[in-house]
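As structure tokens, here come the structures.
Look at the two complexes coming up: chain A is in both, with chain B in one and chain C in the other.
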Partner chain A sequence: MDNNKAIKKEQKVFMTGNEAVAWGALAAGAEIMYGYPITPQNQIMHTWARLLPQFGRKFLQTEDEISAGFTTIGGVLTGKRAFTATAGPGHVIMQDAMSMAEMMRLPVVFIIQQRGGPSTATVIYSQSELVLTTHGGNGEGMRIVYSTSSHQELFDYTIKAFNTAWKYRYPTFVLGDGYQAEMRESLTIYDPEARGIKMVPAEPYVGADGVPGKDREPLQLRNTYNTEEELYEVMSGNIKNFKKITPEILEWQSIEAEDAEILIVAHGIISRASHGAVNNLRAKGIKAGLFRPITVQPFPDEALRKAAEGKKIVIIPESAFEQLATKVKRGMYGMNVPLDAFSMPGIGITSEEIEERVIQVHEKQMVRK
Partner chain B sequence: MLSKIILAGEGGQGVQTIAQILADAAVAENKEVCYIPNFGVEQRGGVSIAFVQIGDEPVSFPKFIKGDIVIALSCRAVERTEQYVGKNTVFVYDSTSNCNSPQAQAKAVKGIPALNVANSELTPRVFNMIILGAVLGATNVVKIESVEGVIDQKLGKKFEKDPGLRELNVKALRRGMEMVA
Partner chain C sequence: MGSSSRIIEAYIGEFACGKSEIAINRALALLKESRRVTIADFDLVNPFYTLRPLIDKLESLGLKVIATRTEETIGLGEAGMIFTPQLKWVLRHEGDLILDVGYGPDGSRVLNLIEGIWQNPELKIICVLNIAKPITSDVKLIVEYIKGLGRVDAVINNSHLGSETDAEFVQAGARIVTEAARALNLPLLYSAAEESIAKEIGRYDCMENPVVPVKRYMADAFW
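Right after this comes the complex of A and B.
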């Protein structure tokens, strides 16, 4: 692996988010990408395919996303750090493989660059794949999902996703969007080891050394069960373990939330627009703050409750219809704090628009006083 | 100080190329930059728009409601970009193409005969350099030397073969700057 280290020296670069993901996967020592083209993730594939001869990596373009999902599982079963990337309708049909990874607890890394939905809709942007990413498929959401908001995070969390996946053995997702995919901004790319990040080794499931039952536990890879009880037992174990590791996995950001009267809760790129809004509102003397879940599955309920405690109102801007708002509602169940879902499905929300919404809500609150 | 810039034109007019050069020049000056092209399902044709933001602080969101400067290079681009024109916007459009002048309330509206100048004084190929010059002239957002640096990097090999080409590009940049002065 050492000979084909992708990044020898830390450097500041100006690139698209898709390129940042490809470099992140290279830096993480990902060995193979499987994929099928779909906008806006194409450039991840293009960049990976362009760079792989230089660094001795592999790429397989499959016939569709169903195949891309299952071949990635195949790569993982042979002990490779494998990943795929998709979006929109491709993401929908990849859910079958994602469910299988969930059932078998396989460390598959999926990169999602959300586009407009439902169906083909736009190739541009939305946050409408939030619930699909956290709870798509016929499973129970035994997945780990990081929602990024910048190119630096796309790079950092792509590396992290491989470690989380191989450490905890649940499918792990990096949830980006078309804006993050296509825009260009600066970031620093680095070799994780040089920063003291140890990569969790990948190991084969099939064809492992030793005689099963004698030298090692026999391997049972199942996605089919004969009885309800059998399935219930396996799922109960998976859920129990997921709950146990949840505190180690949860990540969130709380910005000026403590003394805030109005709390904005946003994820992904909209959290970044919200941060801009908070700065502008504070300059105008309005006490606004931001809570941003970075892991959207599992969801940081406790931290959210703490941040929302005693607030006059919680505003939830998102480029989807009440997908994040539903998660927030669930997390805040029983709290005496009103919620305002600011849903703009399929379209970006600027700092100015969030600022305006907060001001409107703030004025209403003043009148009520 | 954050500058919000919109460049819009017909596919093939080089809008994204000059946005990229502008962004690279700002990065070379160690500024915070966010640049996003609009993109749709069409393979060609349609109005191409570039959103570029340049400032000292990290940019909060790739798109914005009103631009500080909006440059539209075709009649359709004028129509498409009017929504981004506000009372603090300098709106620049190519007057050669004889569009209906934009109705939006702007701080200033400037028609520049960029296409005419490219065709008659220089060469049609440097039309986009004239436009880039106009952006520099209207915003002072990056130094012309930084832009020259980026062009040298990108087209260095071509310039070696034909030194006149570099001169032509720089001339077009300067001519564009003059037009909005």
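Right after this comes the complex of A and C.
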């Protein structure tokens, strides 16, 4: 129904990151959000709930995040473009449902606005949910995770997450954080179809048309297996397929990396601070570059290796303790490039701090020479 | 209004419309006229993201600030907001009062908590509008939005795109907000714009509303 189109014409707007997510989901044609309040994602729910009567969408507030995760799965099984959003300890208890979506390969979209951890910790900000998002639950990381760094990206990747999820049928995550959630900045909101982005249609798993076995393949919706061998066979298939689609999914940004002597590897909002640092360092004559994984699962190992080749050192700033650094180490295994983990768990890192760290490392390198 | 009468203004509107900036700038402008001014933080909707980080700065500029410091809420968890007697009895404070209120209809309902507020003849509830918020981006939407807020006595055009604002955007806001204010029969007090843009536009915007230059303070609010 055209009335349901949330954005009729492209518009430059000024809003919080949470609002950008809600508008992205509206623009993507998401039909229902399930959720349970937790800072710093509350405004996604507030905004969605306020706007839904206007655009004929739905919202269910559940009793907790366990329920929010599973009801979102229920929505997806009935063929709805459904999503939820959470953070921190809520994210932890939602992992049960996330694992189920992974086991059953369901196109559920999860928005994560990271806050300080472990446990309840702070409501403010961190990057401590990186590993939880990519490899949480008792699964194998068969998930697709986009790490955003601006409001424009929160909007763009929320739309994209629905398409990735429904095209490849793996749970798909938009990984933001408390700063992005609450910061205010301008962005352009648009109707994806007007930009030539075709939304992958959602379709029901249960109650689909036709007779199973006759008109369509019979569907076995299972998250329980009787034998090790049975589970192994299913998981091997999921993993094989995940590897096959990985090259199509991988996204990264390489900024001034080619001729750089020092490479910064950062994701999310810290990649933005790092970009600022690279500009300042270049102005001072220090050859710094930036590699930013946008998909943090799957991880762009090959592109990272290429960017890191021949560098004097790779510096990894993150608002967590060696969560990204571990992924970088894995990706760069065997390369003869030293790594410097710049871990600041639960706290923001400014361009100036990154710049200072690079200068320190640079001076040490000069001495070694 | 004689200069002896006191000014009580409550600022409401969407989040990120610029309520707090407008409230701070107004309070400081009154201070310049050698008035006694108190600014009070009434954002109970999203208490973590308001005037808190600016308390010291605003006090150093000479304002009396009623707001909860983060360290005072320790132990209350993420929804930690203390509704203090100072807030409940805010009308007893002498001098002018600038109230920075939370967003949306629930935000303005907070005023119900203030003792004697609806009996106060001096109170003005002012809605700050930014056409860059999709929910208040055209005349029809603004009219619906304001009708949903309950009592509103005046509006301000604070249309902006953060650091990407230009004079044309402020003027576009002036056209839309003026038309909406006329439809609602509400006074439009002024168009607000950052100092350099205000200078570019001149004393009046394209709809003959006064232009008031504002300084940005909230950019320092690094939570």
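Assume the second predicted complex is superposed on the first by the 368 of 369 C-alpha atoms of A that agree within 3 Å, B and C clash if a C-alpha of one lies under 4 Å from a C-alpha of the other, contacts with A are read in each partner's own complex, and residues count from 1 in each chain.
Everything below uses one rule, namely that a contact is a pair of C-beta atoms (placed from the backbone, for glycine too) under 8 Å apart; a residue touches a chain by one contact, two chains touch by 3 or more.
Not measured: the values here are computed from a predicted model.
Visitor: Looking at the combined model built on chain A, do chain B and chain C fit side by side or clash?
Guide: On the shared chain A, the partners clash.
Visitor: Once the shared chain is lined up, is A:E256 touching chain B (first), chain C (second), both, or neither of them?
Guide: Neither: A:E256 stays clear of chain B and chain C.
Visitor: Quick one: is A:E309 in contact with chain B, with chain C, with both, or with neither? Answer first, second, both or neither.
Guide: Neither partner.
Visitor: Using the touch definition from the top, say if A:W23 reaches chain B (first), chain C (second), both or neither.
Guide: second
Visitor: Now for A:D301: first (chain B), second (chain C), both, or neither, which partner does it touch?
Guide: So A:D301 meets neither chain B nor chain C here.
Visitor: So, does A:I124 touch the first partner chain B, the second partner chain C, both, or neither?
Guide: both
Visitor: Classify the contacts of A:A273 with the two partner chains as first (chain B alone), second (chain C alone), both, or neither.
Guide: Only chain B; A:A273 stays clear of chain C.
Visitor: Check the residue A:E322 against both partner chains and state whether it touches chain B (first), chain C (second), both, or neither.
Guide: In the superposed model, A:E322 contacts neither chain B nor chain C.
Visitor: Tell me the contact category for A:E353 with respect to chain B and chain C: first, second, both or neither.
Guide: It touches chain B, and chain C stays clear.
Visitor: State whether A:Q43 touches chain B only (first), chain C only (second), both chains, or neither.
Guide: The second partner, chain C, only.
Visitor: On chain A, which stretch or stretches are contacted by chain B in one complex as well as by chain C in the other?
Guide: Common interface on chain A, chain B vs chain C: 14, 39, 123-124, 182, 184-186, 348.
Visitor: Would you mind writing out the residues of chain A in touch with chain B in their complex?
Guide: Within the complex, chain A contacts chain B at residues 14, 39-40, 122-124, 150, 179, 182-186, 269, 272-273, 275-277, 279, 348-353.
Visitor: What part of chain C is in contact with chain A in the complex they form?
Guide: It comes out as residues 15-16, 46, 48-49, 77-79, 104, 130, 132-135, 137, 160-164, 222-223.
Visitor: Over in the complex, which chain B residues touch chain A? Could you list them?
Guide: 20, 23-24, 27, 32-41, 58-65
Visitor: For the complex, give me every residue of chain A touching chain C.
Guide: 7, 11-16, 19, 23, 38-39, 42-43, 46, 50-51, 120, 123-125, 178, 182, 184-186, 189, 348
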